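In the two assemblies presented below, chain A is common to both, partnered first by chain B and then by chain C.
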Partner chain A sequence: MFVFVHAFSSAQNVYFTRTGHIYFISQTDVIDIDANNNQVASFFDIETGKLQFAVLIKSFEFSLATAKEHFNESYMESDKYPKATFKGEINEVDEIDLKEPGIYQVDVKGSLTIRGITKIIEVPAEIEVRNNAINAKSEFVLAIADFNIKVPKVVQHRVAKQVMVNVNMDYAPYKK
Partner chain B sequence: MLIILSCYASLAQEDDWDALLDQELENTKIIETAAFKSSRVLNGLSIESLPEKGLDLRIAHRFAEFNTTENNFLGLDEASTYFGFYYGITDRINVGIARATYNQTNYGFAKYALLRQSSGKKKIPLTLVLTSSISYTSKKYSDQKRDEDFNSRFDYTYQLLIGRKFSDRISLQLTPTMVHRNLVETKEENNDLFALGLGGRFLITKRVAFNAEYYWVINNIARYGYDFYDPVALGFDIQIGSHVFQLMVTNVAAMTENKFVGETTSNFFDGDIRFGFNISQIFSLGRNKN
Partner chain C sequence: MIIVILIALLQVFKPAQNLHKVKPDYTLTSSQLFADFSENESQANAKYVGKILLVKGEIKEVIHANDEKVILLKTEDIFSGISCRLTGSEFLKAELLNKNQSIAVKGQCSGKLIDVVLNNCVIINY
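Up next is the complex of A and B:
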């Protein structure tokens, strides 16, 4: 009976989206290369503060005509490493009540896996709890070398070593 | 007991998330791209389309046959050349124009992707592209009547490109082709030629692919006793940044569909082989909204 209650209550704390948005941009003096992805899937448990993301590399759409092919074939090897994932949690989960409507500044810590390489990252995020919906935003910088992304010498001036990443997720309560 | 159970429940929930997210990713819509590195397999058009606002500047040469006698440096002293621009009006509609020295041909094509191989909720196993090209032969004919017959200078080619990227390495393309020539040289020749192209690529490294292409020309017949042969090409794509270099051996001298399907006079299997290359440089004219 207790277990049943536990399972039931946890389901109400779970939020989900499959249309989350990730944007990233590589800026150099020569060229800015940026991409959007509106097919990010994610779970967020507002009671435990646990978060999980998954996205397919091939679903990033670039504004520059020829960038997508290079991104997938040369840099990300997306046939070999089709997805990127993040598994983490909000540090301050004990101090704040994410069930109360309002805006919370938090830190998210967890493991980010890109190209099969897992790195622990800790990034600031802003969480807005609304009635029956949650928005989570974060902006951070990733070093592409951390994920063993190699840039050929001839194009090194066109690809930034640090890529700015912007995450914006609109969650709704998860219904099975 | 309760603690164990509730731990188990929370563990189960996380495992669930992994599986559920993977399930969600399977529904992600992805259009397969880069089945080939270039808009041409080697000689013929490929299923690969330029993205919207992509501009492809193309320069190509086919040299003389290796086995032509005399001192002509493996055929490299003589070349049939081609330059053109291809453009992505949308991701599905491409157009191109070109000038080829072979018969001083002006050439234009349009290409429309009816279906694009994609995964996700709606799976499409193949890419289907319709192409239509027009060729205007501008060379001077010594016969004045022939020279002034404007309509006779046009050829039209229609192709259905049926392709699939089987894996990141292997792509294949089947190309039913029809060439209509307003005027043919001799009475015996057919105005309409039918051919079936077969092309494929094997990606060796990220930036180097091996391509092979063959056109079976079904109803071509000899002209003045000289046979025509099926176009064959074997070559490598080498990608350096936004350049693609296609280096090949082939029996084809012309670089427009109507001419290489209809007028290939070299026999690849008898050693009438030429060196050839296509150089493609793709530019982005502006940015797309996405």
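Up next is the complex of A and C:
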């Protein structure tokens, strides 16, 4: 289940998006394989600095259509693990005021769950606060072995061990 | 996260399947689809995920997201809807859509987050 809002301070401080963007790319000498997802759900509490993300594995679309099937069936087992989630917070939350317009360089630390395996990650992010809108961006690398993703020997040269992930969220105020 | 196979020589850059020609597995309203997921998500996942759905509903919002377009259909829930990510060939059609308009969208269901999510969507009538 994906239940957020309860964990947050008060609705006034909460921003959300239902169309956040996550892109990833596996680069090898043989081939680049990339995919993007424009239906990432995320909530961001600017008072506490807490962030939550959830993404459906099956809604990643690949430049190479045939890759989607392998990704879902062989690597991510998305019938068994349909979602990936992240719950974390901004380290510098006590030092910055996210209600003030500006651009903030921060670090976000939290639990990333992929294929039912949870890892603590810490990644840099840039947060731009505008009037009634917030953009948050991050780029980081994940090691596929950390999530027990096994690549058959015969295709190992085609799948990078480290995958670059790019996150870009345009948040709006959360109002019921 | 990550990725692929396909022996080098067989690599086929075929386009994603065009759902205009595909018969839907289920035809239902946006409210019914959302209600099914709200009542029992795991049962709804088993029934709908991976299937082609023809969903009828009113447009809550057409969202321009990262050079793509997502149509949000209304449900009984005030906050949540059916999120329909359009396939590229439908972007122009989406320009002609208006809020509150009734449409039908065909897409492949991938589950539920805030909204029930459909991918690779085509607009059936508008």
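We take it that the second predicted complex is superposed on the first by the 167 of 176 C-alpha atoms of A that agree within 3 Å, B and C clash if a C-alpha of one lies under 4 Å from a C-alpha of the other, contacts with A are read in each partner's own complex, and residues count from 1 in each chain.
What we mean here is this: a contact is a pair of C-beta atoms (placed from the backbone, for glycine too) under 8 Å apart; a residue touches a chain by one contact, two chains touch by 3 or more.
Being a predicted model, the structure only gives us computed values, none of them experimental.
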Comparing chain B against chain C, which has contacts with more of the residues in chain A? C
Which superposed partner A:77 touches (first chain B, second chain C, both, neither): first
I'd like to know which partner A:64 touches here: chain B for first, chain C for second, both or neither. both
Is A:52 contacted by the first partner chain B, the second partner chain C, both or neither? first
Quick one: classify A:159 as touching chain B (first), chain C (second), both or neither. second
For A:33, decide between first (touching chain B), second (touching chain C), both and neither. second
Considering only touches as defined above, state whether A:41 meets chain B (first), chain C (second), both or neither. both
Tell me which partner A:146 touches in the superposition: chain B (first), chain C (second), both or neither. neither
Should A:21 be classified as contacting the first partner (chain B), the second (chain C), both, or neither? second
Would you check which partner chain A:168 touches, where first means chain B only, second means chain C only, and both and neither mean what they say? second
What is the shared patch of chain A, the residues that chain B and chain C both contact? 2, 18, 36, 39, 41, 54-56, 58-59, 61, 64-68, 70, 74, 79, 83, 152, 154-155
Which of the residues in chain A come into contact with chain C in the complex? 1-2, 16, 18-19, 21, 24, 26, 30-31, 33, 36, 38-41, 54-59, 61, 64-68, 70-71, 74-76, 79, 82-84, 114, 142, 144, 147, 149, 151-152, 154-155, 158-160, 163, 165, 168, 170, 176
Which chain C residues qualify as touching chain A in the complex? 1-8, 11-17, 41, 45, 49-50, 63, 65-66, 68, 70, 72, 78-79, 83, 85, 108, 110-115, 117, 119-120
Which stretch or stretches of chain B touch chain A in the complex? 2, 5-6, 9-10, 13-14, 17-18, 20-22, 24-25, 27-30, 33-34, 50-54, 88, 167-168, 206-207, 240-242, 282, 284-285, 287-290
Can you name the residues of chain A that touch chain B in the complex? 2-3, 6-7, 10, 14, 18, 35-36, 39, 41-43, 48, 50, 52-56, 58-59, 61-70, 72-74, 77, 79-80, 83, 85, 152, 154-155
